[in-house]
Each structure stands twice: as C-alpha cells, then as structure tokens.
Amino acid sequence: MLQLVLYNVTNGLIIGAFYVLMALGLSLILNLSNVINFAHGNFLALGGYIAFVLTPFLGYWGALIVSPLITALFGFAIERLMIRRVYSRDPVYSLLLTFGLAFIMQDACRYIWGPSGLQTSIPDILSAPLSADLFFITWYRIFMVALVIAAVSGLFAFLRFTRVGIRIRAGTLDLDTVSILGVNVGMLRSLNFAVGSLLAGLAGVLAAGQVGLNPNMGDDLLMPSFIAIIVGGVGSLTGTLCGGLLIGVAGALTTVFWPAASEAVIYVIMLVVLILRPRGLMGQEGMMS
Amino acid sequence: MSMLDIRNVTKQFGSLVAVNSVSMQVAAGELRAIIGPNGAGKTTFFNMISGFFSPTAGDIVFDGTTVTKLAVAERVAMGMARTFQITEIFPELTVRENIRIGVESALGLRQRFWIGAAQKAAVNRGIDEALILTGLTVNADRLVGELSHGDQRAAEIATALTLKPRLLLLDEPTAGMGEHETYAVANLIRRLHKNSAYTIVLIEHDMRVVFNLADKITVLGEGKMLAEGTPDEIAANPIVQEAYLGKAE
Amino acid sequence: MSTATTTAVTTPVMPARPWLTTAIIFAALLTVPVWLPMLGGYTALAGRVLVLGLAAMSFNLLLGFTGVMSFGHAAYFGLGAYGAGLTLKYIAPSTPLAMVGGVLLGGILGSLFGRLIAQRRGVYFAMVTVAFGQIAFYVTYSWDSLTGGYDGLRGFSRAPLNLGFTTIDITNNSTYFYYFLLFVFAVATGLQALLLASPFGRTLVAIRENERRARFLGIPIERHIWMSFSISCCFTALAGALYALLNNFADPMGLHYSLSGEIVIMTVMGGMRAFWGPLIGAALFVVLQDYISSMTVNWMSFVGLIFVLVVLFFPRGLLGMLQKGTEK
Amino acid sequence: MTSPTLPAIRRRTLIKSSLAVAALSAPPIISARGEVPVRIGMVDPLTGTLSALAVSEVEGAKYTVERLNKRNGILGRQVELLVEDSANDVGTGVQKTRKLIERDKVDVILGDVNSGIAYAMMGVTSELKVFHMVPGGHTDPITGADCKWNTFRVCNTTAMDAAAVTGELVKRFGKKFFFVTPDYAYGHTLQANFIKNLKALGGEYQAELLPITNSEFSATLIKAKAYKPDVLLNNMGGLAQINCMKQFTQFGMQKEMHLGGGLYEIESVRAVPADAQTGTWVMEWWWDQPNVPEVVAFVADFRKATGKTPTARHWFALVAIESIRLAAEKAKSLEGPKLALAMEGMELPRDIALTAGKSFFRAGDHQLMTDLFVGDVHPPSKGNPDDVFTIGSAVPGEVAAGSVESTGCKMVHPA
C-alpha cells in the first residue's frame, strides 16, 4: 500500500509538473497584463502540432527546442496584433478576445491536421520503463519532469537575473511606476506574453509524446491551471508552482483510494482554499480584488 | 464635547510610519483645515478618519462613539461623509441621478425594490435641497462627466451632503482647479460652514483658501503634528515656517 | 467599474425613448410566427433567441448594470435546466412548478457561490466564477444516478398549462409554446426593468460607475454585489428552465464555460449598456450561428471571428452604436 | 511509427468532406423530372470529439443517396440529403432537428452519433410524427426502456457488444476479468452487461471506475497486475481508451494478460500508434468478408466512388437509408406511422445487409438484428492501412441481443 502511495505521489508530481508549465504561463500574463488567456490551451496544442510537423526535418530533439520558440513567436505576434489593443479597456474585452481566439485556433488545428488524434513518436530510448519493478515509470516521464524542472528554474532565473525579467517582476507589482521609469511597457508585455506562450508550447510538445495530439488537447489542462493559480494565490508565481504540484499529487493520490473522484478532488481543494484562505496559499492580501 | 476626537493615532505601512501618534479635537460647527508639505501623512490621516483603513494604534472617537475599527458604511451611517482629491462621482449619470443615489441611500431606501409616492416625493425634495445648496439646479440634467471641474466637485459635495453628515471630510477640494473655480468652490464651502453650520475637516494646499476659511489649522509634517492653532497663530509659528520654507539661515 | 476605462460610454441607464424601443421589440416578437417563416426561419429558432436572450439580459444585470463580470453564468443556466427537468421527472408534471424548481436550484447555488466571491473584482472575479461554474458542470456530469451524467437528463417533458378554466397545449403546438415563452420572457424582463428603476437598481449602477463613491455613500458594496449576483442567477436559471422545457432535455454542456462565453459575447454584441442590447445580441448570434453552421463545418472559426471583430471594432455593441448615433 | 505524409492525406480528406457537407446543405435543387424530391435530414456532430465518426456517417449517407439517385430513387422520386451539424451539443441538435422538419420539411430524420443527442432528437421527431433512424448512437435505452414507435436503430446496443465479445474472450483466454470502466451511464451499462455474461459463464472479476477523460492509468494498471486476470477489459472511450492501451503496452503487460473490450471502431484504430492497435473487440461491420460476393462488390464500388475503404459508420448510413427506401416502397408512403409499421420485422436483402447472416429490424424494440464480428485488432498487415482486424467469429444479432423483454422496451404506437 505504501508503495502504491509513493508511486502515485511520483505520478502526481509528473501530472502536476504539466499543470505548472501551463499555469505559470497563464499566471505570468495575468499578473503583468491583467488578461486571462483562454487560448492558452490552444497555444499548447499549437506547440505540439508544430513539433509534429518539424520532427521529420529536425528530428525529435530539434523539434523539442524549435517548436516552443515558434509558439512564442506566434504568441508575440498575437499580442502585438490583437491583445494589446484591449489592455486599456474593461477586462471583459480581453476575456472575449482570447475566448474567440481559442475557438479560431482550435478550429484551425482541426482544419489543418484533422479532427481525430495524431500520434507523435518519441525516441525509443525514452519509451522503455526504468526497470521491471518500476515498470510504470518510463524514461519519458523522468525526462518530462527533468525538462519541467529545467524550464521552471530557467524561468525563475530569468525573472531574477535578467533585465527584462526584473522589469516584468517590477511591472507586476506596479506598472505605472515602471512606465514612469522609462521602461517600454508595451514591449515588456509582448515579451512576457511570448514567454508565457513558450511555456505552453513546451508543455504541448511534452504532452504530445505522452497522450498524442488532438485539437482539444489543451482544454482539459486549462481548468486545472486556473485552479492551480487560484489555489496558489493570484500574483505569486511560487504559489502557482505549489498549487499545480499540489493538485497534481492530490488527484493522483485520490486514484489510489477512490479513482472515480480523482478529477473532483481538485475542485474540492479549490473550494476549501477559497473558504478558509480566500487569497490562496501564497497570494498577497488584496491581490484578488 | 468635540465632534471628532482623535487620540494618538499611528499608522505604519511595513517599516514606514506614515502617521505618528497624532491627536486632534474638532468641535461641532468648526471648520478645521489640515495642511502640511507633501508626504506629511495628511491623506493617510484622513483615510483613517473616514474608515478607508484602521490605524495601527490609537483611537478615533466620533461624536462620543469609538469608531476606530468600524467599516466605511457604518461610519457613513453615523453621519460621516467625504470627498476625494480626485473627484469621485458617477460620471455616466446626470447630476440629479448622482444626488438621487445619495438621497435614497441616506433615507435607508437603498435595498428597496419599490418605493411609494410619499417616499418618492421625499427623495425629490432631498435632491432639490442639495441642488439649491450647491447651486447646481441649472445643470441638474446634464451628465456629471460632461461638467466643468468645479461643477463636478460641487456635484460630489452635493452627493456627500445628501447624507446630512454631521462631519464633512473634504480631501483637497480645490485640487487642480483654476483661479475662478477655486473661488467658486471656496465660496460653496464657506456657505456650508457659515449658513448651514456643517462641521468640516479639509485638507488643502491652497493657503489663501485655508487662511480664509478655517477656524483652526492643524499642521502635519513627516507624520507628526507640528502645530495647531488659529490661522493667525499658525502664520506666526516659526516651526511651521521652517517646515514649509526650510530652516532659516 | 472604475472611471479609468477608456471605453467610457456616455449612455444613460435606459435608452432615450425606452417605450418606443420596447414597443418595437415586442411588436416584432409577437408577430414572429407570421414573418419568420417568410424569411426562411422557423419558430424554434425564435424560441431559442428568447431563451438565450433572457439569459443574456439576466447576465447583463451583473455586467452592464453592476459592472461585475461573471464568466461562469452558464452554470446557473444549466442548473436551472436541471432544476426544471428534475422537478418534472421526480416531483410533478407541472410546467410552472418546473420553472420554480429551476429558479430555486440555480438561484440558491448561485447565491451560495456569490457569497464566497463578492469581494473579488475584475478578471479575478471572472476567473473564480469560471472555476465555480466548472464545479457545477463537473457535479452534474458525474452525478450519474440523479442527473443522467454525461448522457444528460432524459425522461421528462413539459406539461400542458392548466389555467383552471382551460388547458393550453404547449406540448405539441410549437406556436403556443412560443407564446408561452414570450409571456414568461415579458414578465421576467418587466421585473428586470422595474428592478433597475428602483433605488436598489440605482445602487448597482452606482457601484458600476464608481465603487469608491458608492461605498462612501454608505452602500454596502459586497452585499449589493452579492444580491445582484443572486438575482442575476435566479433570472438566468429561469432562462435555463425554459431551455429545458424547449428541448425536453437537460445536458451538462448547458453548464460548460463555453456557453458562458457565448452569453457574454451576445451581451457585448448587442450592447451591454442598453437594456435590450443582450436580446438583440442573442438574436444576431443565434441566427448567425444557425446559418453558418449549416454552411460549413468550420463554423467555430467564424464564431471566433465574431468574438474578435466585436471586441476590436464594435465594443459598444449594436444598440450602443445606434444610441450614440441618435445622440449626435 | 508516424509517416510524414499522414497529415497531407488527412487534410485532403477533411477538405473534401467539408466541401461535401457544404454542398449538401446548399439550397435544394428541384430535380429535373419536376416532382418533389424525397428529403432526408441528417443531424450529426461534425465538430467536437466525435467528428471523425460523424464525417464517416455523412460520407456513407452521401454515397448511398448518389447511388439511389442513379437508380430509381425512393418511390421513384429523387433523393436529397440535408446535413446539419449538432456540434456534439444537445440544444443545437434539437434545434437543427426542428429546423430540418419545420423549415426544410424533410420526410425522415437520421442521427445522431452522440446517443444523448439522438435521444433528445427522438423527443422532437415523435412529437412531430416524423420517422427517425438512429444509425450510430449506442446507448441501450434508445431501443430499450426509452424506445419510441417512430425510432429505429442500425448500430448495436452495448448489451449486444458485451454479450458477443464475452463468450469469445472466455473461450480463448479464461474467466478472470479486470474491468477498467468510465464512471458514467454508458460505462456502467457496458460493465453490467459484461458481468452478467461473465457470471453466466462462471467467471470472476475485479473492476475499477475512472473519470471519463482519465489520462493516467498507472495506478489502475498496477492494481490490475496484482490481480493477475486473464483479460483486462478496457471499457474506456475515445482518447482514454487509447491512452489506457498505450500504457498497457508500454508497461509490458501484454505478456501477462490479454486485452479486450466492446467497441473499437476502425476510425479510432487507424489513428493510434501500433502499441494501441491490439486486443479482442467487436466490429459492427467489417469490409473484409471475402466469402460474401455482395460485400466484395460493394467495397469495390465504394472505393471507386470515394477512394476509401468503407467502415462500419459508412455501412450504418447505407443500411439506414436503404432500409427507409425498402420500407417506403412497402408502405407506399413516407408518413412516419406508416413507415414505422412497414419497417417492423422487415428483413434486409443481402446486398443491403452486407453480411452472410440474417438481418432484420426486430418489431418489439426496433433494433437491427445482424451479425456482430468478434476478432483481433492488430497493426496494419500486408501494407494495407485498413487491414487492422481479423474476424474470429460472427455472432448472430439475435443471439447477442437476448429477448425483447430483457431490453425493457414497451413499444407504444400512436392511436
């Protein structure tokens, strides 16, 4: 039994790592631009599909690196062309815009790559299990977690040590002051959106190797990501990180005892957090209002 | 007994002490001005009185009741009304509608889905009174957002007056106004004070306004109380001069 | 909500000539069975417009008139549908009772949720409402034994209206049923108009216009937002109940956040500051969707395009633009 | 595993099929002979998760209508097909059904792949007394507890699938089963049917209920491995079904137990990698029946017309429309009540049934009784991407279905 629990904690961390990749991107955009990106799941799908297209030319590893970058470029363009136009308006407009964008992107993927799933191949070395005893952990899962850890560390280092990163963090706290200090806030937001899209694209490539590709693949991840942000506390990236891992592990642990409730449990966690600690685990007071 | 009795209030934001143990008493019917250089803690002080946030230490007693921890709505219900440095109005509504919302709230009708003819008449009387008092009758049916700066301020004051406040808090009522508008608003405040005997506390930068209107002046500097007295006393006070003009050679 | 929005539109609460607009709208709605078939429409389409229009107008009590954005209103719509369906199936085959059941289910749950979130604002409010909506979606989807789960709630149908002196057959006669819908719609929107013209309604507009000023007029903001949310949920649930009666079916997709998004776009498209705006938006949206989805399987792109175009180029919505036009 | 040409093929197909749909819904063209055409309205989820299946059904319907129009039509009249997208949403499906009946005045209604929508549509069609054929919505109550006088169904019930495959699995592998089942009505019914059949054969089992969209099966598979069953029965649907099989194969469990289940449609089989093309399943119709000349001829003709190999979904639509023709000719009418009566008990000729066994619409529950093919799914053999299934045995529909009483259907005809 203990073994089963440990297995599932491991699994939960793997699933949670996915939520984290998605949620961190969403959270970045939300914190700096006050936009909930409903199309974030579609950026994920796009990342997966682009990798699928690139693999024959660049191989798996090449696609793994290039696809998130293309997704980021796409995100940058979308932000420049559309999303920036609604920053100064009532938040309802940014929501509707990304909502409509989600529709279009999903339909475009369906149109180009077909409605039913596509399968991506992963290198054989990654699809083998670790050992006969640990048959349920394939190298791919280890690889995914390692990559997520690398990406998240990279993101935190970027925010801490680079000029743009520091400005993004400052802008999250007080955008007016940052703009008075002569920072090009428009460009900052575009770059920030691109970084968020990059994370989504990376998540997409990884997800494709695990569950295959289909036009709706991001939808199932969008809601857990929202919940990761709410549970972790809006405004705190560390909170989002913990929130994602927490609901991932909680879902997987529930599978041991009551499999049918493994999806429900993340909603229960959110409710409990909202009732007992409305600002979320690591959120600052007043950030949600 | 004083209308407002503030006892040693302190407000700390993290390590910053914005207001440091300030006390002040305002008598009923008095017009008190609070002045001080930028960063003196005037607005923080004001926000504690009106209930925007609670002080870290000290007490605020309003008309014999301690209100230190009470929420805004409760203080409003007790008769405290305020205006803001940047005019806070309902820009897409007419002057009359702005005032109506205040009147209905003051008459305790705010949660009513239906009101009778008698109450409607009472509401309309309240609106007319406020319009006349503030000289806005001619502009009653224009959108507030389209009015001049001074008239918007008058509308804000009119809306605050609908609450029949026993204490009116005005945060820089002439901020950002030209000569002419400043004069009009100052006149309005004078009328309210002299003719209608409102108790008023105001923060003001324009010294001509302050020295013309105030019964007493409180001077804050770096979160502390520097001086308190009649306009003449304050004008002659060396500490105040130093705070404003810098240390004399 | 704040004065800082650059889309500040200078429109009064009600259109300049409310009675004229209202008269035109009701004249058009009353004669639907006459003119709609001539234009290639069908009565069921008009029924759908009424139901979704009511949902959007109810939603707009929050968005347009309180300045608070819920992005999870489909949940209360769907709960209303289930409330009506469950009442018909398990309690009594009575159409009016079904509506009461729907309103109670959606209204009570909406009110409970509202209590938890009334102090949140802006996108955070939206985000929490989406998440809450998905809880409701999830529960109906999973609670198989009661709701029929993924397959939806079946095995009920609307009952004839018994008025005492006569019985109106709304079960098989689609024209009668349309007029029944129209009657409920008229009553509900009439109540909404009265609500907005009441002192309480004015406090909501006050909150939308300037929350700080409203607070310093002694209006308990959180309480009023909560009340507004609850009322809006009740009316939305009523629309959902009508939807269940229209389809004789309730399914979990009726609670999904994608429908929430559609309700929002209808509202904005028609004009969120105009009382009848959401109805006009619903009519446009339903007809466009019906038409486009018959022409191409890529209709989702077109619907998405509608979202984008409305946001970028017609943020005031149709009635908003018309009103602006007449003011000039 | 995946060839780079795959997307190109898919893209072409999809464009073609979307064009087809667009053309089908274009304004009706009055046929050259001047008489009013017979109109068939079809509602299917062309968008949403079931779209691949729906597209096949529409292709099948289109092929059949073209074939009919080259012959004698229905009752000597040309046939016109009007397709509407239900978008996998009940409200939309109901609205489109009303649109087809009220505005377009169609004579009969076909649809939907989604059983929930099909059921809701039955409310409309029975209210408006229009004949309704459900080609491919599987939930049992449609021809069971909720059966209606005007509704017939081509595809099997879950009970039939379960009954057919259980016997085969027990015979070949053993009586100890482990069920992986989605936690909703369809899954419950399917599992209950399997258990009923398994118990009758003296078997034992353990079961795990999971959320419908579950994607992570390791915990469940660990439990399954500990139970040491002869067969792991995968009742999941859609993506979850595939992920379950992928993980099953990745974990190397195929060496220890066999995999099986109810339905595994060729549209799904073709879209998954080799490690998920496995197990013993039911095909409701299969194109490779070399001993039946009618099937060989049909497959050749269909390939010529569409460039594709027909699937069960294509066949559903073909049987649906051809049966309507036969019943209409028998009743000499397209009115709902007359058509329904004519179809009750009607036997299908072999060139329509396209199987060696007897095929007929059972009067008691309006369910088509036809052969079910139980066999093994495998990766494409002989380089033919459609050769992914080998028939083990054909189970007659009546044997799998059990009695009318057991379905719970009480057919009530309108007065």
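Think of it as A, B, C and D in the order they're written, each chain with its own count starting at 1.
Going forward, a residue touches a chain if its C-beta (ideal position, glycine included) is under 8 Å from a C-beta of that chain, and two chains touch if they have at least 3 such contacts.
None of these values were measured; they are calculated from a predicted model.
Common neighbours of subunit A and subunit C under the contact rule above are D. Relative to the centroid of every protein C-alpha atom shown, the closest chain centre, again from C-alpha atoms, is found for C.
Using the average of C-alpha coordinates as each chain's centre, B ends up farthest from subunit C.
One finds 37 Å separating the Cα centroids of subunit C and subunit D. Centroids built from CA atoms put subunit B at 49 Å from subunit A. One finds 42 Å separating the Cα centroids of subunit B and subunit C. Counting only residues that touch two or more partner chains, subunit C has 142, 298, 300. For subunit A, the set of residues touching two or more other chains reads 107, 110-111, 260, 263.
Looking at subunit B, no residue sits in touch with two or more other chains. The touch graph of these protein chains has some other shape, matching none of line, ring, star or complete. The complete set of chain-chain contacts reads A-C, A-D, B-C, C-D. Interface residues of subunit D, counted against subunit C in their complex, comprise 17-18, 21-22, 25, 46-47, 51, 84-85, 87-92, 94-96, 98-99, 102-103, 115-116, 119-120, 123, 127, 139, 141, 146, 183-186, 188, 211-212. Across the complex, subunit C is touched by residues 50, 72-73, 76-77, 81-82, 84, 88-94, 97, 100-102, 104-106, 109-115, 143, 145-146, 156, 159-160, 162-163 of subunit B. Put simply, subunit D touches subunit A in their complex at residues 1-2, 4, 6-7, 10-11, 13-14, 18, 47, 49, 51-52, 55, 183, 208-211, 213-216, 218-223, 239, 242-243, 250-252, 267-268, 271-273.
Note for the complex: subunit C touches subunit A at residues 1, 5-7, 63, 69, 71, 116-117, 119-124, 126-128, 130-131, 134-135, 138-139, 142, 261, 264-265, 268, 272, 298, 300-301, 303-308, 310-312, 315. Residue ranges on subunit C touching subunit D, taken from their complex, read 37, 40-45, 48, 141-142, 144, 148-152, 154-155, 157, 171-172, 174, 243, 246-249, 251, 253-254, 290, 293-300.
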